[in-house]
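The chains carry the letters A, B, C and D, assigned in the order they are written, with residues numbered from 1 in each.
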Amino acid sequence: MSEKDSIELQKQFQAKIEADIKIEPKDWMPDDYRKTLIRQITQHAHSEIVGMLPEGNWITRAPNLRRKAVLLAKVQDEAGHGLYLYSAAETLGADREESIDDMHTGKAKYSSIFNYPTLSWADMGAIGWLVDGAAIMNQVPLCRTSYGPYARAMVRVCKEESFHQRQGYEIMTTLANGTPIQKEMAQDALNRFWWPALMMFGPSDANSKHTAQSMAWKIKRHTNDELRQKFVDATVPQAHLIGLTIPDADLKFNEETGHWEFGEINWEEFYNVIKGNGPCNKKRIDDRRKAKENGMWVREAARAYADKQKERMKKAG
Amino acid sequence: MTKQEALFEYTLRAGDDSLILGQRLSEWCGHGPVLEEDIAMTNIALDLIGQATSLLAYAAEVEGKDRDEDQLAFLRYEKEYKNLLLVEHPNIDFGVTMARQFLFDVFHYHFFKELTQSSDSQLAAIAEKSLKEVTYHVKHSSEWIIRLGDGTEESHTRIQQAVNDLWEYTGEMFVMDQVDEIMIAEGVGVDLARIKTIWHDHVQQVFERATLTMPEYGYMQLGGRQGRHTEYMGYLLSEMQYMQRAYPNMQW
Amino acid sequence: MTKQEALFEYTLRAGDDSLILGQRLSEWCGHGPVLEEDIAMTNIALDLIGQATSLLAYAAEVEGKDRDEDQLAFLRYEKEYKNLLLVEHPNIDFGVTMARQFLFDVFHYHFFKELTQSSDSQLAAIAEKSLKEVTYHVKHSSEWIIRLGDGTEESHTRIQQAVNDLWEYTGEMFVMDQVDEIMIAEGVGVDLARIKTIWHDHVQQVFERATLTMPEYGYMQLGGRQGRHTEYMGYLLSEMQYMQRAYPNMQW
Amino acid sequence: MSEKDSIELQKQFQAKIEADIKIEPKDWMPDDYRKTLIRQITQHAHSEIVGMLPEGNWITRAPNLRRKAVLLAKVQDEAGHGLYLYSAAETLGADREESIDDMHTGKAKYSSIFNYPTLSWADMGAIGWLVDGAAIMNQVPLCRTSYGPYARAMVRVCKEESFHQRQGYEIMTTLANGTPIQKEMAQDALNRFWWPALMMFGPSDANSKHTAQSMAWKIKRHTNDELRQKFVDATVPQAHLIGLTIPDADLKFNEETGHWEFGEINWEEFYNVIKGNGPCNKKRIDDRRKAKENGMWVREAARAYADKQKERMKKAG
């Protein structure tokens, strides 16, 4: 392809972006656009898969049958999200198993929030309310992201996530309205998950290396700090409504701006957890890797059987 | 034994089968051999917990002692659980899990199919709904039995071993006692002797496609229906009941 | 924080370390790599449960709220257990078990050695008795570290990996907070900063004989002393507490 | 050795037996005597080892600290008994690891009682009271058995076993005097362990193939039925004393003989469990085999280290 052609394609591509026309798998796209998308989509897929573990940790101990069923359904949804997202990444030429291996070796990331342990039943509430809540803030704009398959996957994901968010808040509400010990359990979960949830929006804009280009490509449509503020503004009143206290002494409502101002995020903790030092980084990756290793013979058997069947079909004509 | 007592016990047994197998399956969550299986196993666990909920709620209603399905599910002592020993068997690996699932699914399918004809309209309705779910369960586990049996040498050996090891727990599915007799006499329950033959043929068919050998019928372990469980059960219960035991009388 | 509160907390922490490690070790019972080890590990578990009993009984006495050692051991919520994260780590295999044991034993030994000098005569007496036991524990686990480190290539790799994996839980042993400060000021408690150096040298000496590499001091996991545990803890407790939770207010 | 010598040795041997002089490892003994002893001693050792499992099953769930400690101590004693007994068998030329492998392959037996599951805390009482109680009946006469090392091992074993028996009865007493639910737990354990305990004495004399020869050699000193009756006579009043019911409708006291007459033992169950069909046969052997397999690398390391040390000593010289 001549340089001229390439410039022309680049122009057409950017024009589509400007016009909010979706890019589709067969369309030409810049290499970096493709790479950025693959990185972002698989990272999101990995997060869904790893995200099954902290919640899976409480399914066998859910306090009643209804909660057990709802939690099972939620975790099942997450596995489903993982599937659509890997499929979307595959339309860009990514290989699912390779991507997963990249996560296992630490080359690819997943959301750091899942490196925190789930220590009580209330954490199932906190994760739904705060973690899914934060995820939705991040993801709703992605329903309009410029890459078609990703945008369409996100529509479905967001619909389910917002359902999960409501379920989580309902768990917290029940606990907050329950016995003193239940309310304390809810408060403790909020204390542990509040700051990690704020960190889910990523570094502050000043330190975010991908934001500018991603916004130009309309992969991303809001900055980290904008989304974080939106989350805080939405969540603080929800906490107050059920009588829980946000664990931030600096939190105050600014009458002029209409925003809740919040304290300094502990970025050292943020980078530490990203670097692998969170309480559960090792456990999460170990669990996933072990699942893959223990399932090896099963996947091999399925492949061998499929091959045999194909052979039989062929012979049968 | 009154009809009411027999009906309570009958419904409890079916409810406990679904409950305990659902509990076991849900341990897999996030640890499956492939993402599609995480979805499938979670889905099946969800169906089973749903069945347990309906059955235990009905059992509680029949009992009339002001207990609800959660009290039955979480606040009985080990001896009071009446599930088959088969379903409490630990997961061990995917092969054992699928063997356990398949041997039970085939039973479950034919049991519910018969139960849709029950003169007890509530049981018939639960059976109707469950049958749809269990139809998928059998299909799913049969496919895996075939894939693993007719897959690689390793998978064949492993699934055959799993079937052999679990075989001694299959006899219990078809043992009938006074409870069954009363329920059959009332047109409520299922004739397990008839199901046994159907089960055998169904299992054999799948095993043939899977190139697996049907184990011989030897000594069969019993006890679950009388509340005499395996040593695995206590651990399962201590985990499952923990919240209700540690935080009694609370709403969740 | 009053002196009494600090003393309660201080004693509880030490009691919980012994209790939880004793509980973990006792899971090995009947599954050891060789009969002599079944005896040794059971023996060590027994020592640890004995220490836990003395320490928790004393904590209960200090607290003065009419609880006894069993109520402290079996009827607290997870957040109220104050043991080190290290001791709740699962057994995994004999290598991880011995690495966990060794890293803790060396700490335990020097901790009790200092504690024999405590101005609190009860703690000093418990430390005196425990020191004899822990002297054997360190000897036992050191010998295994050396044997496994300087044994086969496989055992060397496995024990080195186990040490590396557990290393991030060792920092917590030496972190001091208000409780420690009050106890040191009162002449009751141990200066953990001093123990840290001694621990380091002791561990290094054994590692040298074992041909093992001392891991680097990186990020250290904290939380146990504040009741923020690992995900393993809840399962341990649901099993350990089951009888007391399921059958409340009974004598055994 | 000439036939004459052999007959002479045989005579001397039998004379010692008659005179109650202990046979020692270096003494001449008939091959069958040696084999019978090895079979019996290793079987007893295996029983101690396998016997750790049903009780080990409740250590982590013992209801209070004292009971947990006592149970740990008991299981530790059993491992110790295993050790002395394997050592006694080694004086006869048996190899410990080979004997253990024989058990794992089913060639060697262990006491069938351990193929029953322990399903409640009360089973710790029932095992101590009934199983150790029956074991003592079997074993006390073995303190006078003709083979020296075995007799001496049994002295130590019996002392500890009788301590265990009292502890078990004390657990049962506490439960029987406890709440109705505890009493029911105790009764249920008695119901499940009573008959298996009676079976521990082996087949009735009419069907016991080893008894006659073993008695002539003074390896065994009472018949199975004698010991069983002794056990029943001792145990029935203990049950009554704490208000528990022996699960035997035919049980009745014979004023004339002074014995408790009991119902027919279900020999079909007995032979079934021996054949491997007990509730836990598979689990017990699997657990022990897995322990051996998982410990392989540890034993290899210990051996390699010992070899290196020897080499170093030699060099240092």
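In this section, contacts are C-beta pairs under 8 Å (C-beta built on N, C-alpha and C of every residue); 3 or more make two chains touch, one makes a residue touch a chain.
Protein identities per chain, from UniProt: A, D = 1,2-phenylacetyl-CoA epoxidase subunit A; B, C = Phenylacetate-CoA oxygenase subunit PaaC.
All figures in this text were calculated on a predicted structure; none of them were measured in a lab.
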Set of chains whose contacts include both subunit B and subunit A: C
Which of C-D and B-D has more C-beta contact pairs: C-D
Cα-centroid distance, subunit B relative to subunit C, in whole angstrom: 42
Separation of mean Cα positions, subunit D and subunit C [Å, integer]: 35
Between subunit D and subunit A, distance of the C-alpha-averaged centres to the nearest whole Å: 58
Set of subunit D residues in contact with two or more other chains: 61, 181
For subunit C, residues that touch 2 or more chains besides their own: 77, 234, 238-239, 242
Graph class of chain-chain contacts, one of line, ring, star, complete, other: other
Pairs of chains found to touch, sorted by chain label: A-B, A-C, B-C, B-D, C-D
List of subunit A residues in touch with subunit C within their complex: 54, 57, 61, 117-120, 181, 188, 192, 272, 275, 277, 279-280, 282-283
Subunit D-facing residues of subunit C, complex: 23, 26-27, 29-39, 42-43, 45-46, 49-50, 52-53, 56, 69-70, 73-74, 93-95, 146-148, 150-152, 154-155, 158, 239-240, 242-244, 247, 250-252
Touching residues on subunit A, where the partner in the complex is subunit B: 49, 52-53, 56, 59-69, 72-73, 75-76, 79-80, 82-83, 86, 121, 171, 174-175, 178-179, 181-182, 287-288, 290-291, 294-305, 308
Footprint of subunit C on subunit B - complex, ascending: 77, 234-235, 237-239, 241-242, 245-246
Complex interface listing, subunit B residues touching subunit D: 77-79, 165, 168, 218-219, 221, 223, 228-231, 233-234, 238
